[in-house]
Amino acid sequence: MATKRGEESEERKKKRMSLLEIKNLHVTVGGHEILKGIDLRIDAGEVHSIMGPNGSGKSTLAQVLARRETYQVTAGEILFNGRDLLAMKPEEAACEGVFMAFQYPVEIPGIGNAYFLRSALNAIRKHRGEDEMDAMDFLPLYREKLKVLEMDEKLMNRSLNEGFSGGEKKRNEILQMAVLEPKLAILDETDSGLDIDALRIVAKGVNAMRSPERAMLVVTHYQRLLNYIVPDRVHVLVDGRIVRSGGPDLALELEEKGYGWMETEARQTAPASA
Amino acid sequence: MTTAIQNIDHYLENFSALAKQARRDDPRWFEKLRETALARFLKTGFPSTRDEDWRFTNVSAIARTPFSPARKKPTGLSPADLAGWKIPNSAAQLVFVDGQLVPGLSTLDGLRKRVTVSALKDLIRKQPEVVEPHLGRYVDIERDPFPALNTAFAEDGAYVHIARGTVLSEPIHVLFVSTTRDTPEMTHPRNLVVVEDESQATVIEEYISLGSGPVLSNGVTELVAGESAHVAHHMIVREQPEAFHISTLRIEQARSATVSSHSLLLGGGLVRNNVHPVLRGEGGECLINGLFVGNGHQHLDNYMLVEHASPHSSSRQFYNGILDGHAHGVFHGRIVVHKNAQKTDAKQTNRNLLLSDDAQVDTKPQLEIYADDVKCTHGATIGQIDENALFYLESRGIDRISARRLLLSAFASECLARMKDDTARAHAEQLIHKYLSSFADALAEGSADRGRQPERTGEEVG
Amino acid sequence: MSTNVNTIRDLAERDYKWGFITEVEEERIPKGLNEDIIRLISAKKHEPAFMLEWRLKAYRHWIRLEKADAEPKWANVKYGPIDYQDIVYYSAPKQKPGLKSLDELDPEILRTYEKLGIPLEEQKRLAGVAVDAVFDSVSVATTFKEKLAELGVIFCSFSEAVKEHPALVEKYLGSVVPYTDNFFATLNAAVFSDGSFVYVPKGVRCPLELSTYFRINAAETGQFERTLIVADEGAYVSYLEGCTAPIRDTNQLHAAVVELVALDNAQIKYSTVQNWYPGDKQGRGGIYNFVTKRGKCLGVNSKISWTQVETGSAITWKYPSCILQGDNSVGEFYSVALTNNYQQADTGTKMIHLGRNTTSTVVSKGISAGHGQNTYRGMVKILKGATGARNYTQCDSLLIGDQCGAHTFPYIEVKNSTARMEHEASTSKIGEDQLFYLQQRGLKTEDAVSMIVNGFCKQVFRELPMEFAVEAQKLLSVSLEGSVG
């Protein structure tokens, strides 16, 4: 029972409340069951990665965590900071500290980027009982984060994501994350479609957000991103189930052997009829 | 919907002759591809203006001329002759003269690992299994007679392959040179560019003339972009006034691939530039950026067919045209959104400057949308050089000719600004500058006083 | 942001707010249309001879049109046949017009105005806006006449203008929309009831925004108002028009004509926030709104701007237009048109360039929700002599949900090669994914919808006078309540 100073015992860890705990999650979309029993625990300060072939359910998991109502949860529970996440509406989950960087960020003409972000920030602050930030105070904060993401100040007043290339939209997502300072950040295929330069900048922005109070879930198809954002744990999702979990080396193994190898393994170890 | 084929026997004869001698070593699948293509071409013949896709462009001059396949002969060109056409900082340069690769004029050394640049002919003969999955699988020979003709008669062209996860920053330059011939000859450059998943590459395809006389260049490039790949393709056409130039760029984009196609049509007598991207996988992005500058009796036809075949993809078409003399420009932009391509975001803009009373432009946007959750924007403008802007520059001491040149450059630079590759952009900029200079000088005679407004109120001058 | 939420919640709690009927004695003439009725209308209004003449000429022309079955059928809207004999063409409350102050007004009528949210007293005090409230077919109150009279500005009911300023009326009436112009304009010319008349003399900048409210009360009464606004050389006037109507079972016809004339260096700004009853959720019983609105930039450097926010009426057919006759004249059209439930709108604008160096700007925003069908029909005509003409047209459609539709028919006719034309059109959708994105950033649904719609309409709202802009935003929110999410 004796533990070295500074090390946490497994027992103590289990007793301490996790930031995110998913238990036996089953999700159906359009009549098809996509997630078939997901168990996952993420503690504050950790970065986890979910990898898997296209169609495995990675995005579905992300969207459910962000509380998108078109995804039906048929079984299971999700605790976020000890609270029932599934009982929350998306705006509530957001105010509680859940942030998702969208795979396909939306464009909304007529709403300025800065104005939008400040409104979001104030909605969250209001929920926390804090004072709202006016434009004057918001500006320096926004400028600072723009610099980190190497984005032009001119975009401040342009409409939300309007005229942005795919890469710029993804960077704007990370910019928003930097301003909103969530407790749980979910990156849904943020690296998809990025060129090497954009990838480095996005990774820089994400790594700058790593902190003991914050957890991140990086959903990706490619291993390359994980060279820049090194995860603590990697989980492989195949056909709606986590078939393997491991350290960052698992990602390298996947890169080498391809998803086919994982799919074969999954079939061999899959539970008999759902 | 097409005319009776002219010179049909002529093409048939030429094909048979080629099949007998030059292509004995070609693999069977490729021969079959050629035969099918020829049969298709013989059936449809050259298109007529009754064909919707060719409404504004009459190719009877091509149909009437009995073009023969360019015969091989020594080029008489040395590297020094082409020094002015080289692009500094390019990763590799392939030079084809009248359809034949000239290794002595090309630069292929120093290519890094995982990057292949060579003659397509070599790949077909020596490594057919590498090209067979792609060659001829994308371009549509049923719909379009020119690619069918190309597939039947193609001899050679560039093969570019970038292996998975490779980032190539320097551009690959493919230069096609045509020289003077005694009889009308045709070349059918055939290129295949394959950029695998997560890779990046830039290609510049350039067509120049060192000579004169009627010549037909009918090229096809199939460009395959893998998942999350980034490819920039540049097409530069600078041929002489008697040249006929048809080119077809068929792009196939996988999931999350980003492809930009830049076209500069500066020369040629009758030019038809087809760009046909298919956003096959989800979340792809396509940019089609073009500039066409016409004078004399040039006919410059830009035909675009953007197909959104999957959800969440976006496309942008920006075409700027400057037309003077009796030049005729065409912008025909089709966007087809397939039924399952929800959340498509398509935008098309065509801006044209007409500098003379006889210049004309036809602009035809065409949206075919079969999905119900899409965003499509299109816009077109046709106008002249802003007299107010001219007067402003003149009032600051700039003479009229220089002022015109400045405004034209500004208009053309909108196209340049969209080129991300520095080397390609610098090359394009230098070409446009040279071209517009000679262009604007010609403007000095004749059109200087046309359109000048006699009264100008104080407010307008500012 | 919080003010918006409260406002929306309040407004959403109620049904169509304006849906009530005033029990007031009315004087009516029998249903139907014939020459006797025309004479009766003219007599009741004590009109001078030239006016009756004009009405009769129009009426006879209308008979010819009706016989030739010339009622326009090309609009992209569907409606049942209108029985023109089944309408009462004149209705006035039984009391004397021409009050010195609002105290003399029938208290019942005054209460009506209050219910309508037109606090005349408030407006008098705060904004200094003169109000000419048309109660069915006769003007009841005209305030601030004295103030305007000091500057020489004439702002009165059309009926009054015909009697007090016949020369001015005769000079400009029909000069922009002749009675032969179109079917509904012809009908209007014959039976028009009342409307506003404005004349701003040379060099005068009208200091107040002039406003008019309309109301259809009596069942089966068509509303045929006629408005004429003339801005003399160097004059400026901003005019607001807002309408509302109570719930009725049968459809009501509204065929108005508005003529604007701007002389050299004059400017007219005409803003409308229209809220006619749109029909219930199944599409029954709304107003038929067929209006001809046209402005003529007669003079050099003149300018006419139309700004409108339309959320009501079952069927709308209107094309505010500008005839750019004077050199350097400018025509503008900014519009937001909303169709919800089963509303149908076929609207747009016509810009006709005649003079030299004329400019026109069209910004049209259509929002379709429910089963609404929104058609934009815009025409830009550059005639042969119109050298140096410039046009910028932007038409955007926003679709909410899957059952609605938006169609765009731009007509561009250019007969002069020096013209510069710019046209942009876009269609987009508010779907669940836009909403979800905003929600995931912490915004509540109502705030999200409001943000999106206001962002979409911003360009147009910017052109509206302040009070109207606020009213317009509220109107949109109420009209869209329940259509998203």
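Chains here go by letter, A, B and C, matching the order in which they are written, and residues are numbered from 1 within each.
The rule we apply is simple: a contact is a pair of C-beta atoms (placed from the backbone, for glycine too) under 8 Å apart; a residue touches a chain by one contact, two chains touch by 3 or more.
Everything numeric here is computed off the predicted structure, so don't read it as measured data.
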| item | value |
| --- | --- |
| Pairwise touch network: line, ring, star, complete, or other | complete |
| Longest centre-to-centre distance from chain A, chain (CA-based) | C |
| Which of A-B and A-C has more C-beta contact pairs | A-C |
| Chain A and chain C: spacing of chain centres that average the CA atoms, whole Å | 51 |
| Centroid distance [mean C-alpha coordinates] between chain B and chain A, Å | 42 |
| Junction residues of chain A - those touching two or more other chains | 104 |
| Multi-chain contact residues (two or more partners), chain B | 343, 375 |
| For chain C, residues that touch 2 or more chains besides their own | 428, 433 |
| Sites on chain A touched by chain C in the complex | 66-68, 70, 89-91, 93-95, 98-100, 102, 104-106, 108-111, 116-117, 119-124, 127, 159, 176, 180 |
| Complex contacts: residues of chain A adjacent to chain B | 54, 103-104, 107, 165-167, 191-196, 221-222, 224 |
| Chain C residues touching chain B - in the complex, by the definition given at the top | 301, 328, 356-357, 387-388, 402, 417-429, 431, 433 |
| Chain B residues touching chain C - in the complex, by the definition given at the top | 343, 354, 357, 372-384, 386-387, 451, 453, 457 |
| Sites on chain C touched by chain A in the complex | 1, 428, 432-434, 436-445, 447, 451-452, 454-459 |
